[in-house]
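Everything below concerns the one structure shown next.
Letters A, B and C name the chains as they come in the text, with residue numbers starting at 1 for each one.
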Amino acid sequence: MTKIKETLSQCYLAFIVLFMYAPIVTLVALSFNSGRSRAQWSGFTFDWYAEMWADQAIMAALRNTIIIAFVSAFIATVLGTMAAIGINNMRSVSRNTVMSITNIPMLNADIVTGISMMLCFIAFRVSLGFHTILIAHITFNLPYVILSVMPKVRQASKDTYEAALDLGATPVQAFFKVVLPELMPGITSGFMLAFTMSLDDFIITHFTRGAGIDTISTLVYSQVRKGIKPTMYALSTVIFLTVFVVLMIGNFAPEWFKKRRKA
Amino acid sequence: MKNKSSRYLASPYIIWIVGFIVIPLLTIVYYGFTDKSGAFTFSNIAEILVWENYRPLYRSLILSAVSTLVCFLLAYPLAMILRWYKIGRGSIIVFIFILPMWMNSLLRILAWQTLLERKGVINGILTAMHLPEQHLINTTAAVLIGMVYDFLPFMILPLYNALMKIDDNTINAAYDLGASFWQVLTKIMLPLTVPGIVSGVTMVFVPALTTFAISNMLGGGKIYLIGNVIEQEFMQDSDWNQGSGLSLVLMMFVIVSMLIVNHFDDKKDMGRGGVI
Amino acid sequence: MGVITKMDGREKTGLLRIFGNRAIMAAVSVFVIAGVSASAVGCGTTEKNIEEIPTPLKDTLYVYNAGEYIDPELIDMFEEETGINVVYDVFETLEEMYPVIEAGGVIYDCVCPSDYMIEKMLQNNLLQEINYDNIPNIKYIGEDYMKMASEFDPGNKYAVPYTWGTVGILYNTRMLDELGVPYPTKWSDLWNPKLKNEILMQDSVRDAFMVALKKNGFSCNTENPEELDKAKQDLIDQKPIVQAYVIDQVRDKMIGEEAAVGIIYSGEILYVQDELEGTDVNVEYAIPEEGTNLWIDAWVIPKNARNKEYAEKWINFLCRPDVAAKNFEYITYSTPNTGALELLDQEYLDNKAVFPDTKELLKTSEFYHYLGQEGDALYNDRWKTVKSS
C-alpha cells in the first residue's frame, strides 16, 4: 500500500516538475539552436549569445532593470526602516491609518496602482522616464520593507537601547550599535524582497515608463509583439541561470561552508 | 524602544506615501468621476454595465476563478506530499518548486508561446510522431495555462508553509481515533490550512483577474479581458476618464473578492490583531 | 483591517524567510556583483547609450522615429559628416508618440509620423513650417508623392515624405494550395471559412476597419454610423476564423509559416521574401481589388524643437539619393526619392508590390484622415465591441 502511495507521490512530483521546467528547458534549448525555427533542431550555436551581448536595446534594458531594482530597493529599505521605527512609536490611531495606506499598493491590483501613478505624473506635468519608474518601484517596494522590518522593531527590546544610553552612548550611537543590528535580519530580507519584486515587475513599469526606456519585462513585451528573436531565448537562459546560481549560493553555500570548516 | 521623537523618523515616508499613493489614487478617482469637460458624472462607472465592458470582466472573473482552482488542485497534493516526505524548508526539493517564481514572469509566458505555437515545440513533437498538428495558441485554454503556470508557485508556497505548521501529533491522533484519510483531510488539514489557502488564493486570483499581458501574448488579441480593456483605454484610445472609471470598478472587484476570501479566515485573525 | 492583515505581503515576506538571513546577505552580494559587472560590460558595448541621458546639448539633434525604421549606419554617417550629435529614440506606435510630443516631456527636433497623425498634429498646432532653403535635396522627392502628401499637409509646408506604401494581403502559396483555397485578390476573400485559423489580422483600429469598410465598398474614412456598423458586424463574423490580431508579428509569423495569410504593410514584403529565399516557402503580396489604404510616413519638425536647423540638415541628408537608396536597401520600405530610384536595382523597381503604379492605385485607395475625437470614438467603440465578442 505504502509502495503504491510512494510511487504515485513520486510520479506526481515528477509531473509538477515537468510542468514547471519543461517551458524553461525549452527556452534554454532554443537559445542554442542555430535555426530560427522553434520546431526543428538545426545545429548548436552560441551566436545568439553573441548577438544578445551586442544588442544595445537588450543591454540597456538589462542595465536599467538592475539599476532600478538596486536603487529602488535601497531607497525603499532606508525609508521603510525609518518608517517602521517611527510607526511603531505612534499612537494607535495614527499607526493604523498609516499602516492602512501602506497596505494599499499590495492590496490593490498592479494595473490600478500603475495607472494611478501615470495619471498623477502626467497631471502634474512630470515627464515619464527613468525617474518615474524609479519612484513607482520605490513606492511598491516600501510596504514589503516595512512588513519585513516591523516585526523586528516590535521584538527589539527597549532595554538594550536604554542601557546603551545609560552607559553614555548618544542616541545616534545607540541606534547604530544596538538597535540596527537587532533589526538587520528584517532589513536584509526587506531589501531582498524589494529587489526581487522590482526585478520582476512588468505592469507598473509598463504604465510609468516613458518612451525610449525599457526594462527587461517591457522589452520582452514589446519584442513579443514584433516577433520573438532567438536573442530573447539567450536572455532567458542567462537570467534563469543567474537566478538559479544566486539562489543556490544564497541557500546552500552557507551550509556547505559550515560543513567544510568542521571537517 | 519607545521614544516619542523617533516617530518623526516616519515623516519622510509619510510624505512619500501621500505624494505617491494617496494623491495618485485621488487622481484616478477624480478622472473616474468626471467627464472630458471636468464635470461630475457617474457614467464612467456605469460603463461597466455596457456589454463591451462587462463581457471581458465576466470572462476575467471566470478565467481567474478557474485558474485559481486549478492552481489549488495542483498545489495542495504537492504540498501534502512534501509534508508527507518531511521535506524541510531549506531542502533543495522545496527550492526547486519555488525557483521559477524568481524567473521573469514575461519570459515564462514567452516560453509557453514557443511551446504552443503552430510551428512550436509541441506541434513539432506531434509532427515528428506523425500526429496531426493541433491548434493550441490563441485559445482560451492557452490563456488559462499561462495563468496557471505563471501563478502556481505563489499557491504552492503558502500551502506548503501552512501544512508544515500542522503538528504531526494532531494528525496521528486523528488516525489513532479511527479517522479515514478523507476525514483527516477535510476535518483537520483543510481547516488548519485556511490561512495558507487564503493567501494562495489571493496571490493567484488578483493578478489573474487583472492581467493583460498573458491574454495578449497567449490569446492573440482574441481573448479580451478587463485588463486589456483598461490598458486599451489608456494606451491607445487615450480616454482617461473612461479608463479610470473602469479601473475603479476593477478595484472594487479586487477588494470585494478579497473580503469574501478573507471572511473564511477572520476568526483566526482576531486574536492576533495588528498588521502583520 | 481584516483584508489588509491577510494580504500577501506576509507570504511574500515568507518566501525569503525560507532561506534564512545569512543566505540573503550572500545572495545580495552576488546580485550586486552581477549587476555591477553587467553594467560595466554594458557600458563598454553601448557607449552611445550613455549620451542618451541628456542634458540638452547645443550640438545635439533629437530624433524620434518608429522602431527599426532606419539603417543605423546612416546615423553614424550623419554625425561624421556634420559633427552634429544625434540622440535617436524610437516609438512603437504613433499613439505612443503623440502624447510625448504633445506634453513636451522630452523635446524632439525631428519626428517621423504617418499621414493621419501629421494631420492631427497640424490641427493641434504641434508642428512648425519647414524652411526648404535648407533642404535643397527636396528636388529628389517625386512630384507625385509631394502631391499625395499635400492631402494631409496642404501646400507641403510641414512634411517631407520618407517612405510610402500600401496595406495588402501576404499569402503563402503552398499553404493555400494545400487548403485548396484560391489566392486572395480581394478583401472579401478573407471571410472564407476554409481559412479558419489561417488569418492574421492587424490589431489596430483603423487598419482592421479599413479592411471591412473597403470590402463593402465604403471609404476607410467614413463617419457614417451605418457603414461602420456593417463593417463592425463583418469583423465580428470574421473573428472565429482569425488566428490572431497582431501588429508587427505578421512578418515573423509569415516567415515561420504560422499562418497562410496575413495583412501587412508593403514595406515588409521584401524582408519576408529575403528571409525565405532558398527555402521552399513562397509568399506573394496582393493589393486587394476593392482598394486599400495608401500611406506616407514623413519627417516633421515639432513646434517646440530646439534645433530646427539641425533638423533640416537631417531631413536634407535623408533626401540625398545615395542615402535614401542605402536606407531603402536596409528597411525595404518604398522610397519616394526619384534620385534613389535611379541608383536601385531594376529588380526592385519591377516589383509591383513594392512600387505599384500610384495613379492606378489612387482610383480606389485612400489615405487615412484624422477624424477628430468624435470620429475616433466612432471607430474605437466599435473596435472594442469586436474585441470583446
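Throughout what follows, a contact is a pair of C-beta atoms (placed from the backbone, for glycine too) under 8 Å apart; a residue touches a chain by one contact, two chains touch by 3 or more.
The shown structure was predicted, so the numbers you read here are calculated from the model rather than taken from an experiment.
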Q.
So with touch defined the way it is at the top, what topology do the chains form here? Options are line, ring, star, complete, other.
A. complete
Q | Highest-count interface - the chain pair sharing the most C-beta contacts | A | A-B
Q. If you average the Cα atoms of chain B and of chain C to get two centres, how far apart are those centres in Å?
A. 34
Q: Would you mind pulling out the distance in Å between where the CA atoms of chain A average out and where those of chain B do?
A: 17
Q | Averaged-CA centre spacing for the pair chain C and chain A, given as whole angstrom | A | 34
Q: Scan chain C for residues touching two or more other chains and write them down.
A: 1, 3-4, 7-10, 12, 15, 19-20, 96, 99, 246, 256
Q. Can you list the chain B residues in contact with two or more other chains?
A. 90, 117, 119, 255, 258, 275-276
Q.
Going by the contact rule already set, what residues in chain A reach two or more other chains?
A. 37-38, 96, 99, 103, 107, 147, 224-225, 228, 247, 251
Q) What residues on chain A touch chain B, complex-wise? A) 9, 12-13, 16-17, 19-24, 26-27, 30, 37-40, 79-80, 82-83, 85-90, 96, 98-99, 101-105, 107-113, 115-120, 123, 135-136, 138-139, 142, 147, 150-151, 153, 156-158, 161, 179, 196, 199-200, 202-203, 207, 216-217, 220-221, 224-225, 228, 232-233, 235-236, 239-240, 243-244, 247-248, 251-252, 255
**Q.** chain C-touching residues of chain B, taken from the complex the two chains share
**A.** 51-53, 55-56, 89-90, 94, 98, 101, 117-119, 135, 137-138, 154, 157-158, 161, 195, 198-200, 202-203, 220-222, 224, 228-229, 232, 235-239, 255, 258-259, 262-263, 265-266, 269, 272, 274-276
Q.
List the residues on chain C that touch chain A in their complex, please.
A. 1, 3-4, 7-10, 12-13, 15-17, 19-28, 30-32, 34-35, 38-39, 41-43, 45-46, 48-49, 52-53, 64, 67-68, 89-92, 96-97, 99-100, 103-106, 246-249, 251-253, 255-256
(Q) Taking the touch rule as given, give the residues of chain C at its contact with chain B in the complex, in rising order. (A) 1-12, 14-15, 18-20, 93, 95-96, 99, 197, 203, 205, 239, 242-246, 256-259, 376-377, 380-381, 384-385, 387-389
**Q.** Interface residues, chain A side, partner chain C - complex
**A.** 36-38, 53-54, 56, 59-60, 62-63, 66-67, 69-70, 96, 99-100, 103, 106-107, 122, 125-130, 143-144, 147-148, 184-185, 188-193, 195, 197, 210-212, 222, 224-228, 242, 245-247, 249-251, 253-254
